[in-house]
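Just so it is clear, A, B and C label the chains in written order, and each chain counts residues from 1 on its own.
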Amino acid sequence: MTYLVIPLVKIVVILLVLILGAAYLTFFERKILAYIQIRLGPNRVGPKGWLQAIADALKLFVKEDLTPARSEKFVFLLAPVLIIVPALLVFAVIPFGPSDIWRLTDINVALLFVLGVSSVGIYGIILGGWSSNNKYSLMGGLRSAAQLISYEVPMGFAVVTVVVMAGSLSLVRIVEVQRELGVWFFLPGIVALFVYFVCGVAETNRNPFDLPEAESELVGGFHTEYSGMKWAFFFLGEYANMIVISAMATVLFFGGWLPPFPNLLAPLWALPAVAWVPPPFWFLLKVAAFIFLYMWFRGTFPRYRFDQLMRLGWKVLLPVSLANLMVVALGVLILGGRS
Amino acid sequence: MERTHLKAFADAEEMEISFGPQHPSTHGVLRLMVKVDGERILDVKPIIGYLHRGTEKLFERETYNGCIPHTDRMDYTAAVTNNQGLVGAVERLMGITIPPRAAYLRMILAELQRLASHLVWLATHALDIGAQTPYFYCFEERDKILDLFEEYCGARLTTNCMRVGGMPFDLTPGWTDRCRAFIEQFPAKVSDWERLLTKNRIWRERTVGVGVISAADAIEWGLTGPPLRGSGVRWDIRKVFPYDRYDEVEFDVPIGTNGDTYDRYLVRMEEMRQSVRIIRQCLERLPDGPVMAKVPKIIKPPKGEVYFSVEAPKGELGYYLVSEGGDTPYRLHVRPACFINLQALPEMVRGQLVADLVAVIGTLDIVLGEIDR
Amino acid sequence: MSWWDKILAFIPLELVQGLGVTGKYLFRKKVTVQYPEQRLEPKDRFRGMFGFSEERCIVCHNCAKACPIDIIHITDHFEESVVDGKKRKKKVLDRYDIDVKRCMFCGLCEEACPTKPVAIWLTTKTYETAAYERNERLYFDKVRLQTWDGVLPFPGVKAPAEGGMPEDPKAEKKAAGGEGA
């Protein structure tokens, strides 16, 4: 019975938190962008605008759901599902804290699972762009396909760097190793972190790599023809993917749920005044920092062009990540690291 | 085997995209029929006329001062320079010399308008290339300029702030101080935006070498304004045929070298600094005296023709006025800067990518109100 | 450019600089005006909705002539009256309509008005002219021009009796001179 009930409860909690979080991310993004752009942002719905996300969700629920007459109806419906399900699925293996309560499951190939599942999401974009029967959407879908495939590779190498350092594919183990070593992997793997995050921004189609949407060129790209809840799925998928990338960056490079300087300041973290802080707090704090970085990027950078994006992926990030992998592997070998 | 495969690819169906008239980055209601192969542009055909209001025909039934509000609506981001061109044409035909204070007022307002227009250009150009934030920074500054306009003439956008023979009102008390306060803080803001964009590698990759047009081609196509100067031709109506009192102030005409989008960007940024310089000198020298010359109540230019052009923010804005001696123009033709600059668009984007098309539309700084009139 | 410079150029320092600019603006005072609650006060010369004063109007038709798009419609007739034993002809206004929905607020009508302070004035500070039905709501006859809700109670609107345009020194001088005489 406990085998069934506890995971189910966890699943429901994770899903609720995630979807609510993704919805509220839109609110935070609008707020942060507004503040960067010397505006106030949404502040009308509810106190200080805090109900804006809910109002948006309600609006999307009641909006008319249009399907273009000459679209591929089934694929058109399938695409939004394909984009959001993998994004949510990844959270099955992400550890929010040290003990079993704080995670759904811990499998020993969690990293592979994450990479594998999250690359399914690309089908949602391609199929969505193709099935809309719209030239702009098709171009958006094609851009996205090329972009995601080429950025998956350097991202993989960046992740492998961490695997080399940790000697494990299990996300829990990776964090544990960071605690045992007393150093988070972002220090030895600063280049890997950079590559990982740039690729992560590209994979989630966010500025400065938001070409598949590219509002000023493709009028929304792959989701031009979508409306109502289907569009909301794309939207939620994008934000859920942002959380995934940020969470993975936290786990891989910033010690997951560990508080800052876990060994150096160990006496401090053992104090009763701070000890009650649950480990997920630190996890969420780091994730929030990454997401803020996402939004900061969006508020600052122009957009790359399609061919430049490809050049950056294949000619810069791929060699850099490969070279970095070599260097790190050599370092691990010399320092007698774990294998 | 391989060759046939390639050939099949080369014969692949070309796609025709209707770009606009309701596209977010066509700056109004421009429609482009874009023929693409994948993302590569084979040809572009601009289709205009969605905003046609028959302004030139309307001129023929208006009194000369009644024409002025109609010119506001041509290039609606630069109403002052539109007014300036029209009244200048009429004054030249009638042989009126406007009082010096009026001339300096016109220059101050026109340069403020140039700033405002370039701010709109920078805002939308950056937005097209994907940087959202400069939009709001630019519009904050532009609003301060519009506040100055509102204080002077009562309207922010469609100013209608000049009359044949001078200016309709004098400045309100304290206007010059507010104007000076504005131009003192303005160059720092320009530097801020330049820090955001000028050296930014993404911005450079998106603009360097995009939409190149050589100096010879630019002259052939009749480009004027920043698109011409970006190609390295030092041609500015304010310098070559000075009107008002532009011969009394010092300013430089910035030019580019490569004729690409990045150079045009640099030219416009520098023009903003030069405009500030002009305004500063004008404020220092602003003479006292009347703002209106002695003109008859009903303006009847003698029979004749005149062409008068001003350096509008977008390029050369000319008015060709034919008068039959009546109180309305017989014919008043406008030489719009945007319309003629737009002609070069297919030439500039052929062979480039769809994303570049957006950048080139932005760099030409077109306003459909002036193209369609 | 040496190889070291090339490697340095590879590090996106200028992107960090850009982030610095936006980061600086993140903490700046915001410029948004929360419109229905806060309003920007239009300047004194602002060309807003129309106001009209029938008793000051001399029915000269100058405003209608000056209007570039002919939206001011005036009809009048002569009325004869006997004042102090003399016959006097006086123009009386029948109709003074402004088709505001087509107005482009150029201000030429007000400029053309020979009465000082002017009979027709655009300098009310009302810019909220939106209506659900423009043909009816935005067609103003002379009664509505004088009584629409906003022409007098709206703050900042100076009725011509108080001196026309507030910063018009001529009008003030005239008003002062009038009192002296």
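Keep this in mind: a residue touches a chain if its C-beta (ideal position, glycine included) is under 8 Å from a C-beta of that chain, and two chains touch if they have at least 3 such contacts.
The structure presented is a predicted model; accordingly, all values stated were derived computationally and were not measured.
Taken chain by chain, the contacts link every pair, so each chain touches all the others. Of the two chain pairs considered here, A-C and A-B, the higher C-beta contact count falls to A-B. Rounded to whole angstrom, the centroid-to-centroid distance between subunit B and subunit C, based on C-alpha atoms, equals 27 Å. Computed centre separation for the pair subunit A/subunit C is 53 angstrom, with centres defined by C-alpha atoms. Taking the mean of the C-alpha atoms as each chain's centre, subunit A and subunit B sit 43 Å apart.
Residue numbers of subunit B whose C-beta contacts span two or more other chains: 133, 137, 140, 196-197, 200, 202. Among all residues of subunit C, those that touch two or more other chains are 15, 18, 21-22, 25, 31. Chain contacts: subunit A has residues 36-39, 299-301 touching two or more partner chains. Residues 62-63, 65-70, 72-73, 133, 137, 140, 143, 147, 150-155, 158, 160, 168-169, 172-173, 192, 195-197, 199-202 of subunit B touch subunit C in their complex.
Across the complex, subunit B is touched by residues 12, 14-15, 17-18, 20-22, 25, 31, 42-47, 66-68, 104-108, 111, 122-123, 167 of subunit C.
Those residues of subunit A that touch subunit B in the shared complex are 33, 36-39, 135-136, 139, 143, 207-208, 210-211, 214-219, 298-308.
Those residues of subunit A lying in contact with subunit C across their complex are 32, 34-40, 43, 296-297, 299-301. Here subunit C touches subunit A in the complex through residues 15, 18-19, 21-23, 25-32, 34, going by the rule given at the top.
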